[in-house]
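Structure in structure tokens, see below.
Think of it as A, B, C and D in the order they're written, each chain with its own count starting at 1.
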Amino acid sequence: MQPSQGTLVVALAVPFLAAAVTPLLYRVLGERIAYFGAAIAAVAFALIGTQIGTHGTVTIPWIPALDVSLALYVDGLSLLLGLIVSGIGILIFTYSGGYMHDEPGKAKFYTTLLVFMGAMLGVAFAADLLALFVFWELTSVSSFVLIGHYQDQADSQYAARKAMFITVAGGLFMLVGFLLLYTISGDALGTATFRLAGSGGMIENAGAMQEALRSAGLFVPVVALIAIGAAAKSAQVPLHIWLPNAMEAPTPVSAFLHSATMVKAGVYLVGRFRPLLSTPEWELVFAALGLLTMTVAAILAVAADDIKELLAYSTASHLGLIIAGFGLQSVYGAETGAFHILNHALFKAALFLVAGIVAHEAGTRLLSELGGLWRDLPITAAVAAIAALGMAGLPPFNGFYSKELLFEATVYTAEHAGGLWWLLPAVAVFGSIFTFLYSIRFLSLFFGEKPDALEHVHSPPLTMLAPPVVLAALAGIVGLGGVSATFGVHLGPLEHFVDRVVEAVGATDPHFGYHLPTSVTPAAVMSAITIGVGAVAYPSYGRIASVIERLIAIDPLRPNFYYDGLVGWLDRTTIVSGTVQTGRLRTYAIWLLLAVASLALAGYASAGVVLPAVSSIVADPAMVIVLAVAIVAALAVTRAPSHIAGVLTLSILGFMVAIFYILASAPDLALTQLVIETLVLVLFLLVLDKLPEFYGEVDRTRALRDGAVSAVVGVTVFLTVLISTAGTPGQPIAQYFIERAGVPADHGSTLLDFGGGGNIVNVILVDFRAFDTMGEISVIAMAAISVITLISMRERGESQ
Amino acid sequence: MSSEPRPTDGDTTVIARTITRVVVPIIMLVAIALLLQGHNLPGGGFIAGVLTVTGFALIYVIYGLRYVEQELLHRTVVPRSLPISEGAAETDVDPPIIKEFGEIFTVGLALAAASGIVAMALGFPFLSQGVWFLAGVPLYGHMEVASALAFDLGVYLVVVGGLLTILAVVGAE
Amino acid sequence: MSEHVVVAPLVVALVTAILTLGTRRYPRGQRAVSLLGIGAYAVAVLALASRVVPLGVLTGSGGTTETLTYQVSNWPAPFGISLVADALSAFMLVLAVAVVVPALVFSALYVEEFAQRVSYHSLFHFMLAGVTGAFLTGDIFNLFVWFEVMLMPSYVLVVFYGRAEHTRAALQYTVLNLLGSAVMLVAIGGIYATVGTLNMADIARRLAHAGEFGIDPAPVLGLGAILFAVFALKAGIVPFQFWVPAAYRAAPAPIAAVMAGVTKKVGIYAIIRLLFTVFGTATVGGGLAPARIAEGLGFGMAGKSFLGLFGPVLFLMAIGSILLGGLGAVSRNDLDDILAYSSIGQVGFIVLALALAATGPQAVRTAGLIAALVYSLNHAIAKSALFLISGTVYEAVGSIRFDALGGLSTRRPILASSFFLGGIALVGIPPLTGFFGKLLVFDTAGKAIVAGEPFAGVALIVALAGAVLTIAYVSRAWNRAFWGSPSDPVTRSYQPTALVAVVAAFVLLVAVLGIGFDPVYRAAEAAAHAATDRTEYVEAVAPEVIG
Amino acid sequence: MSAVTVGTPTILLASTSAGSEAGQPQVVLAIVLGLLFALGTFLVLRKDVVRVVWGVTIISQAANVYLVTMGGLRGAVPIISHGGAHGEVTDPLVQALVLTAIVIGFGTTAFALVLTYRVYEEHGTIDLTEVSGR
């Protein structure tokens, strides 16, 4: 069934429209704006819900010239993400109503959150690469604003900037990948298109696309570029470092953006591209990336003391699990990814909301300061138990099933590929052990002894309690579905829905089902090892954590070592202001003149200009004398012992030039030059009267260096004159002026097509090229105004 | 040094002053001749303009700026401690003489531009020029009128006004 | 012939400049004349643009672009001066309008009364006349004249507010540009001596048929390189960028906006016109040594065309500009400083697209030019808006140094949002215009890679590095100036409502033009075609032949 | 619009007439201009602002001389009597261009000088090594 264009467009537009009115609406509604947001999310959720069962593309033209449209594609994967975004959105907005009670900047907060939700829905449904990218970057920007919510805190600023830096930069790499795909699609599909999914899209022609990519040698680069984008967004090692800092955001943001939805964008992307690019290279890149992240982030989580930090690393780790799943080519891989997106969203959002409640009510987020909270927060403790055990991968909670699928998928791959691929299941188990450890550690804050420092902890308001309860209930139901399926009662709609997701990520004819293990499969054994080793190791948790802490304190291993080093250097570098922009006119002029000279010489050389043969040096003796005097004058200027002497010799040069003009048959020029030279002399004398005598004795090395620069300039000019005077262009336009300047022998009473003057130069100035003259007199007028301005504006105006 | 007599004032000799008195009118005459004949013989707005300015410059160098203003242009001299204070005169942004010069080049620019726009109004492209031959003019008999003269006059005025402004401002300091 | 619509923008700017000179004694009248003049200028430009690029072209519903010519003083080309309005000129003129109108309105509110009366308005309009003349003229000496008309006011506007560092900046700016002017004269003289004409269309034609005109085109390559250097000086491309940071910081905010937004683009325009229209198909007999070296390195395609030299040169200059601008901006502690360095880097992106265009095959050439034009448009709007915002911050707070700022986002939310929008447009966040600029530059590089140009890979890496640097300095400026606890000056700041309204409305353009990008792209496409269509250009001007 | 009729190209002059001497490279001028540019450059690189202005002045003057040279140095004064040209005149176009350039050069020189004065006022020195600084 085709999806409904109207429904989808409204679902996507509603959050943006709501965002646009939020700043105003906030003045009316005040805090209740949170429920307005929840209502908007609910509307979107309902609208998207109506599209379950549909499949296909709807297109809204946007930039026809570039063949870009806001095409929306509906399939299992986009519906899954769309429902998670809007569904969790409802809960987050509701939760925020309680959580944000005393916080500043609520109007901005809700506006941005709504924009984010709209953008995230856009990411879910976009069928066009460019449209996808638009929404993708919008989520990064809203994330920046939300992480920096407490904008006067240095930590928030640092975190926001880091997140923006990594996600936007990663996005740019991805964009390059998209563009390469676009260009290649021209070869593969006949016409270049940005269309990814749907009819006529790249996925439909995956074979041709792969072939074209390979023949252009771009297959691996494209996979790598997309991997960078996905890794940046989904906090994969080594780009995971922004996610723990992002916890500076208010907790609803952490729950919404940084666990359930935005960070899923990268994962989603991998899933979306899976049918297009899934190959052995793909498998290698993403299985390695995913498992590495899963393990490293889980280890880091064990060392965390802040509960939000623990959850952040845990999020990265679970996203790694999903990526690894999508990386593996078998159907189990697809199922792992598809199912775990859902499971993770449910339990992790719930855990974040729990963390928010704890922080809000207990006033601290440090594990070392917390414990025994179940007495004060019994419902919260129950929620935490369901969610945390799911996270740990303990049967029969929801996370268990998707982790089983991952084990199955790794074993499957290892069995088929053999060799080093056996590392996959080993690493998966190894990482999962840490997952088990930190999950239990998280849960421990509700049990055991309550520290004395902790005062009575209030129970949270209903608006804050209900959302995690709903999430935990859903997680619980998914978990129970596995139990009942063991006895043959399947959670039909869910399994069917996951089927469609699996199909969307490239598996053909899937039959998804999940249940508790009923026989000793490799996966069941791996789960048993995980839980067993975890349980044995848990008593040594403190020691393990301190070992990890010591390890990550070593600089090259420190997660932020590279980022802080690079950005710290950038923020302080004086490489440009210190070495290039020195403020010395001398340096600037040298660069300018040498660059011009080398460009000219390069031009002559590369065009193979041959120096004209000089048969004889014929020159008018008068001219030679005049020019010789001019040179002597110029030399004298450079060696002038005083300003006055210099100016006087300078005017000798000027007068020689005037005589030269006479010899060159240019009386107008000579006259002008003569008079102008006088004026310049007067002007110089007037100004020099006020200036100090300053000669600036030249030191030898500097004179030599400047002499070399001058020589280069001089030689360039010398060559330029030689070469250009040798030119003999046919039909130079000057002839026209000579012919047309005067008055023809026969003429009527008006003359328009002749200049009508004897002085050709003047006729050119006032008629043929009067336009030049118009500009020129503007310059003179402006020179006058400028001089007035220079004098009358001094000491005035802005001081910086 | 505004209203103070310039140090050079005392230094200029009687000979210099006398020569100036003789030479300057000649310069002015030559300048006007150059302007008018520029279309046919060496000359034109530029040359005439710079020559006129030179004449003024000569007087200025020999006699000082005060003389130019008071005696030649009949302007009262205000202490020219630029920048002029805002409160002094609401409408005067420039000291008096510079204002006059400013008007000269403004008029010159306007004249030049207007001559171009008139051509547009007559259906020709911007800055088109023409020549009219008039028969039966008294004394001349046959006379040619070039529209370019208006443009050239504009050029002349801009050069005179602009350069004098520069000289006056620099000299006033 | 008397298509006055071509010359109208120039005449309007000139007349307005003269009128503002004449009304200096009546400050209100002067301001009214100035504002009316800029309105008339906008109307004139739009009228011209709509003739050259009909609406149908912009909407994709058909219609063809036209190249209008105008022979000033009614002498035929190449003897009289030609004005040529093609899609490229029209694009640049509209770009100028987009910047100068808000800049002038801003000035009327921002620049102090006295300064406005002394000369500000006249200088502004003369500068605009210079810009307009440079975009329209089809004659290289006339281009020199309009360059001077544009430069003369900019010299004094840089030093408009007299302080020591401003004077220093103006001195450097002036001396470097005076050298540039002298060098430009040499280049023009040399080209005239070797080609025998000054008309650009005529030069293009004579170079294309060198034999028939008895021309040896070989020297023209070197002379053209000199001319190119002068244009690069105007555009502030490495190694001609030295004057940029100090001059932009010294100039009053609206002037910095016009200089970064418009006069820099005059340099870009002139480079495009010279290299792609005039030299586009020029070739030299014999071997172009660098072209052969480039061939060896894989720059290929251009063969013995003039672009064989300019392609690699542009490429090196682009890399230098992107890195120098980015690394320079990232550690500055003052808004204007960051924006000034940033403009070096951003122009580097434009030049990078041009470099790819110069070396690549036809498809890449068109793509590169479109990218350069779209990027220019975004840079013009975003950077100018940011300079105006910096001016507004100065007006409101009294400083633009980071150590005196902080917390503006809570105190001045609209101003802060405007900066945010402009900033992320520079970064290239969709759907703002800046995104499309980056997109098209990347796309050009991608196309070049697919076309097998090995250096395109380097171009792509440099572009990515430059983009990352942009993120670094924009986010840093935002953090330091707009987030954080309000500093004392910020707490005491006032709200210059009118200024904020102007900049907010202005900066919204980056969103409006981004969301409605289709016509922008089509306009840039038409301009790119006009830039490379030498035949159309020559035929429109139709220079006559003597003898 | 009668002037439009100029459009029909007529054979005005044999194209070779003006170029008869143009093919001869001007060695003397090349040397002189090279030296002038070199000396101007040397001055521009000094630390005394006044000398820098001198340098710029020399360079722009040299550029003007260059431009005149480009017209070829042979031929009569470009003044004609009614009825058209007689004999061979030198290239009037470059002269017109140079006239424009000279006057523009004066305006910019004047500005540069006043700017120098301003530099002195602001900094108390015209030594560029002291004026600069970041």
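Quick notes on this structure:
Please note the rule applied: a contact is a pair of C-beta atoms (placed from the backbone, for glycine too) under 8 Å apart; a residue touches a chain by one contact, two chains touch by 3 or more.
Small disclaimer: the values here were computed from a predicted structure and weren't measured.
For the interfaces B-D and A-C, the C-beta contact count is higher for A-C.
Here the chain at the heart of the structure, going by C-alpha means, is C. Centre to centre, using the average C-alpha position, subunit A and subunit C are separated by 25 Å. Taking the mean of the C-alpha atoms as each chain's centre, subunit A and subunit D sit 50 Å apart. Annotation: 61 Å between the Cα-based centres of subunit A and subunit B.
Touching of two or more other chains is recorded for residues 40-42, 46, 50, 93-94, 102, 105-106, 109, 113, 116, 123-124, 126-129, 159, 162-163, 166, 169-170, 173 of subunit B.
Residue positions of subunit C with contacts to 2 or more other chains are 1-2, 14, 21, 72-75, 114, 118, 141, 145, 148, 152, 155-156, 159, 162-163, 168, 171, 175, 179, 183, 186, 189-190, 192-193, 198, 214, 545-547. For subunit A, the set of residues touching two or more other chains reads 577, 581, 583, 585, 589, 593, 667-668, 672, 676, 679, 683, 687, 690, 717, 723-725, 727-733, 735-737, 740, 743, 752, 758-759, 761, 765, 767-774, 776, 778-788, 790-796.
Subunit A contributes residues 62-66, 104-105, 108, 130, 133-134, 137-138, 140-141, 144, 148, 151-152, 154, 156-157, 160-161, 164-165, 168-169, 172-173, 175-176, 179-180, 182-184, 216, 218, 567, 570-577, 580-581, 583, 585, 587-589, 591-593, 595-596, 599-610, 717, 720, 723-725, 727-733, 735-737, 740, 752, 767-772, 774-776, 778-779, 781-783, 785-786, 788-790, 792-800 to its touches with subunit C in the complex. Across the interface of their complex, subunit A is touched by residues 34, 38-47, 50-51, 53-54, 57, 61, 82-84, 93-94, 98, 101-102, 105-106, 108-109, 112-113, 116, 124, 126-135, 144, 146, 148, 151-152, 154-155, 158-159, 161-163, 165-167, 169-171, 173 of subunit B.
If you check the complex, the residues on subunit C that touch subunit D are 1-2, 74-76, 141, 145, 148, 152, 155-156, 159, 162-164, 167-168, 170-171, 174-175, 178-179, 181-183, 185-186, 188-190, 192-193, 198, 214, 544-547. By the touch rule above, subunit B contacts subunit C in their complex via residues 86, 91-94, 102, 105-106, 109-110, 113, 116-117, 119-120, 123-129. Against subunit D, the residues of subunit A that register as touching in their complex are 577, 581-586, 589-590, 593, 612, 614, 617-620, 623-624, 627, 630-631, 634-635, 637-638, 643, 646-647, 650, 653-654, 657, 660-661, 663-669, 672-673, 676, 679-680, 683-684, 687-688, 690-692, 694-696, 698, 706-707, 709-711, 713-719, 721-745, 752-753, 758-761, 764-765, 768-769, 772-773, 776, 779-780, 782-784, 786-787, 790-791, 794.
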